[in-house]
Amino acid sequence: MKKVLLLALALALALVFSVSFIFAGGAQESAADEDQFITIHWAQWAPADYLQKLSEGFTAETGIKVIVEQTPWETFVQKYNVEMIARSDAWDIIVGDSQDLGNMADSGHYVDLTKFFNDNGLKNKFTESSVAAYAEYPAKSGKYWGIPAEGDCLGWAYRKDLFEKPENAAAFKAKYGYKLDVPKNWDEMLDIAEFFHDPDNGFYGISIYGDNGYDSLVMFAEQMIWTYGGDLGDYATGQVLGILNTPESAAGLKRYKELFQFVPPAFNDAFFVKANDAFTAGIVPMTCNYYAFLPALANNATNPYADGTDYFACPPQKGADGIIRQYSALGGQGASVITYSKKKDLAMKWMEWFIRDDVQMEWARIGGYSCSKTVLDSDTFLNAAPYNPAFAESLNIMKDFWSHPDYGELMEIAARTLGNYIIRDNGTAEEALQACAEEWDAVINK
Amino acid sequence: MKKTMNNLSGPLNRQMSDTVFVRLCILPVIILLIVINIFPLFYSLILSFTEYSARKAFSPEFIGNANYRDLLTDPTVWVRFVTTAKYVVMSVAGEMILGFSIALLLQEKFRGRGVLQTLLVLPMTMSPVIVGLMWKLFMDPNWGMFNYLLGLGRIDWASNPDINLYAIVIADIWMWTPFVMLLSIAGLSAVPQSLYEAAEIDRASWWFKFTRITLPMVSPLLMIALIFRVMEAFKVFDVPMGISGTGSSAPPLIAMKLYKDTFLTWKTGYGSALGYIVLLIVIAITSIFVKYLNKAKQED
Amino acid sequence: MAEIRQYKGIKHYLVIIVLISITVIMMIPLFYIVNTSFRPWAEIKSYPPKLVYEPSIGSYIRVFTARTVYPSGTTPSDEELAAMTWYEQIVYKDTNEEVVRRGDFPKRYANSLLISITTTLLTVILGTIAAYGFSRFKVRGEGNLLFFILSTRMLPPVIVVIPVFLMYRTVGLNDSYIGLILLYTAFNVSFAVWVLKGFIDEIPREYEEAAMVDGYTRWETFRKVVLPQSVTGIAATAVFVFIFSWNEYAFAFLLTRNTAQTVPAWLPYQMGVLGYDWGAAAAGSVLFLIPAMILTILLRKHLVRGISFGAIRK
């Protein structure tokens, strides 16, 4: 009995301890109740901390506090969707995924920002592709639902030190007949990957995404499809058949598959984490990744090869029709105001503040990826980080997946059917595209 | 043991009747289970006959047994059941054999036995999702130490679809062998020494003692360990998710599909139907085991 | 005779050696986690792994902080360096980052403690009482009820989580302590009833009969006679319930957002701008392991004797 008492006592003490712990934490938050504050919802990652830091400037100017609430990426989109169905006023602003814009706008969760957009001339302030991806829905309708917050797309890091090594340069020149350099098209990309691939010595040709759990494989595939002259479909009319299942799309997908022979082992589930890990482990000469994750590669402390690392944008490719195309798959998020927010006026104040030139400049300086043209053109920005010039170039070539209300299902279908060809090695590129096109058609035109 | 104490009620019980008392004992649990488990269960039973997505604004639309028909005629679902069965059999068998063997070895008396036993329990106290995550790093062919320690080449345990089921089995066995071990020790410790002494006098062989004394005495607890492990292994999704992700190179486990249908593509109605099929299978398997358990209990 | 003794001796030591080897093998993954938590960032991915390295507590600091990376080319000035706290200096040295704020780990940890401890207490209380009821009285349809109670444990979490989510949304329990505690209690009480009924079945009734003859009420008998004899069973149950709720992932992940989020729903997502922070994840795992480990070690003696499920007759 004594032991039970002791145990119960210990448990009770721990309980009291933890409760007081929580209330101590809660006390700080409840202090905010008396002041004005807004809550911004974003995924759990470092840029959200940057945004929190940036917003201190807003608080200093207006006295309105800003709380950036972060949710793990794996559940981020799902979670805010479910909250929105419940008309929750938990957040005032969502920095939401670009593909989800259509769903959110259609369901009435986002406030129509068309007037705000036009009054401030935002169409010309931000790059064209970022406005199309993070703000405008439906495509080319002139209706706006958000502002570009974190621009992002796929870019490349490579080991300049290895490319410039005399033995490598000479051997490459002898084998392929041209100079080993940043690939100028996707044929050269394949040559370089093949050249460096040396699995017996634990070194591999290239690092690209292979995971198809969510959108990673689809992102790389769509970029290849566009670059080779294919397309995912007509975003305005919803037509897929005859647009996705074409020889051009198949050519792009085949190149993806060819590149995929030269990835390190265990890349069937590689996404941004593994892409960076492989590069910093020194087992690949180049990696494709979202720009948001490139700061890790420029950092000496986390990448032993940082000094020899340089960056480039996705290269162009001359299609079968002779036209040169260049695309980069878009990621990133736009900031939108929630219909159910009780503090829309304060949220709008934050939006007005966020689009200011000086704030956009500061946003870029502390690590955010601004889409403002002024920022992207400025020398300060271009010189601020080694990957910034490549980013500025990429922002002009980026293109997004469907922003269809059912994009989640479209994504799952593409991941499964295309992944079947790329990573599972079943069937041909044409069959994969045919399967994808038919299933997409059934979802979009049901 | 099934005798009741009803003969004690009556004049001795001054405050309340036994019926009231026993109701007060059991009702809180039953109410809790009805509110938290049974109500949701009915809710999803209804949803399983509808087309519905919890992330969309439209309300459920009744479509009869279409979800069940789709599921049961989908060959990939059958592949998932077969894979899950393989997984359950391999990991539970591994855990039972290893756990029971370790427990037998631990019958040997020596100093530091308690320390070893406590250390051996530790894997069980870890969070499955963290176990999955850390085994993924551990088994990575490019920088993990698993292959290195075993002197293997760069075997891709986590994402090669031909072998990653085994990776998950290994992690599951590592994590849950301690559970079987604990229950086995509990069973072994209750075997009366007198039985062994009697057998010793008869010069019985080790095998005779093991099969005639040890096993029958321990079997009810082994059965319980088996029931719990089968139940848990059938629906496990956090360890596989950590090790091989949610992509199509991950092993096709049924719980993984359940998770994806419910939370990645939000086909709530369809997912509920699949959940029900899984539930019925688990109940069927468990009730067979429980029957054997009751038999085993009555025999001794 | 001497030969036999010698043979026994060899067997004895052989068993010990085998057991120690098994323990060492089982401990390797745990050791690997601890080892990873002390490795500097780039060392985690060195292959073949370096056996000798300079250990760093940087991972432990990173799991407690939110940071931004110094833009490349910029470094803090000497005065700024001098003004840094010790942990800021370690972060700067390890990963070239600047601490922005304290991280969410302590709050998640406190949530985990609060939710698991409350669940454990609640489950054990409800479970003991119900188990006593089932053990000592003839309950109509007892077999069915017990199977029903057990069957609630068979539910795949994802099948109930959507209805629970919708239900909680209606009553405002999403992302709340009470919501998770109720859910965990419901999911564990079946286990508790099973274990404890088995245990109480084994306690002889003579004491209770004597106590009731002495004029104790039913409740007093339960409290003063049955409870003290059930300590071992209760302790074992408590360990298992605590381990389950401490480590539970699916519900915590899907039903919480911020207020009530627990460690398992937060820790796997150590995604910084520098990529995935394996070191911080390992460090968090080590810290997260400790309470469950301590509880297991403290109550290890009860653990074995307490989980007999009534399947053993003495």
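We just call them A, B and C in the order they show up, numbering each chain from 1.
Keep in mind that, in the parts below, a contact is a pair of C-beta atoms (placed from the backbone, for glycine too) under 8 Å apart; a residue touches a chain by one contact, two chains touch by 3 or more.
This structure is a prediction, so every number in the text was calculated from the model and none was measured.
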Query: Taking each chain's centre as the mean of its CA atoms, which one is farthest from the centre of subunit C?
result: A
Task: With contacts defined as at the top, give the pair, B-C or A-B, that has more of them.
output: B-C
For subunit A paired with subunit C, centre-to-centre distance based on mean C-alpha positions, whole Å: 35
- line: dist(centroid_CA(subunit B), centroid_CA(subunit C)) in Å evaluates to 17
- prompt: CA centre of subunit A versus CA centre of subunit B: separation in Å?
  reply: 38
- line: Listed in rising order, subunit A residues that touch 2 or more other chains are 75, 82, 202, 277, 281
- line: Residue ranges of subunit B touching at least 2 other chains are 54, 142-143, 263
Field: Sequence positions of subunit C contacting 2 or more other chains
entry: 45-47, 165, 254, 268
Field: Of all residues in subunit B, those that touch subunit A in their complex
entry: 54-57, 140-143, 154, 156-161, 244-250, 260, 263-266
Message: Please output the residues of subunit A touching subunit B within their complex, sorted ascending.
response: 75, 78, 81-82, 85, 107, 202, 210-214, 217, 264-270, 277-278, 281, 283, 408-409, 412, 415-416, 419-420, 423-424
- line: subunit B contacts subunit C in the complex at 1, 4-6, 8, 12-16, 18, 21-22, 24-26, 28-30, 32-33, 35-41, 43-44, 47, 54, 102, 105-106, 108, 110, 114, 116-130, 133-135, 137-138, 142-143, 145, 148-149, 174, 177, 182-183, 185-187, 189-190, 217, 220-221, 223-224, 231, 234-235, 237-238, 242, 255, 258-259, 262-263, 268, 271-272, 275-276, 278-279, 282-283, 286-287, 290, 293, 296-297, 300
Message: With touch defined as at the start, can you tell me which subunit C residues reach subunit B in the complex?
response: 12, 15-16, 18-20, 22-23, 26-30, 32-33, 36, 44-49, 126-127, 129-130, 132-134, 136-139, 145, 147-167, 182-183, 185-187, 189-190, 193, 201, 205, 208-209, 212-213, 215, 217-219, 243, 246-247, 249-250, 254, 263-264, 267-268, 278, 281-282, 285, 288-289, 292-293, 296-297, 300, 303-305, 307-309, 311-314
- prompt: In their shared complex, at which residues does subunit A touch subunit C?
  reply: 1, 3-4, 7-8, 11, 14-15, 17-19, 21-22, 25, 44-47, 49-50, 52-53, 69, 71-75, 79, 82-83, 86, 90, 202, 272-273, 276-277, 280-281, 292-293, 295-296, 298-304, 365-367, 384-386
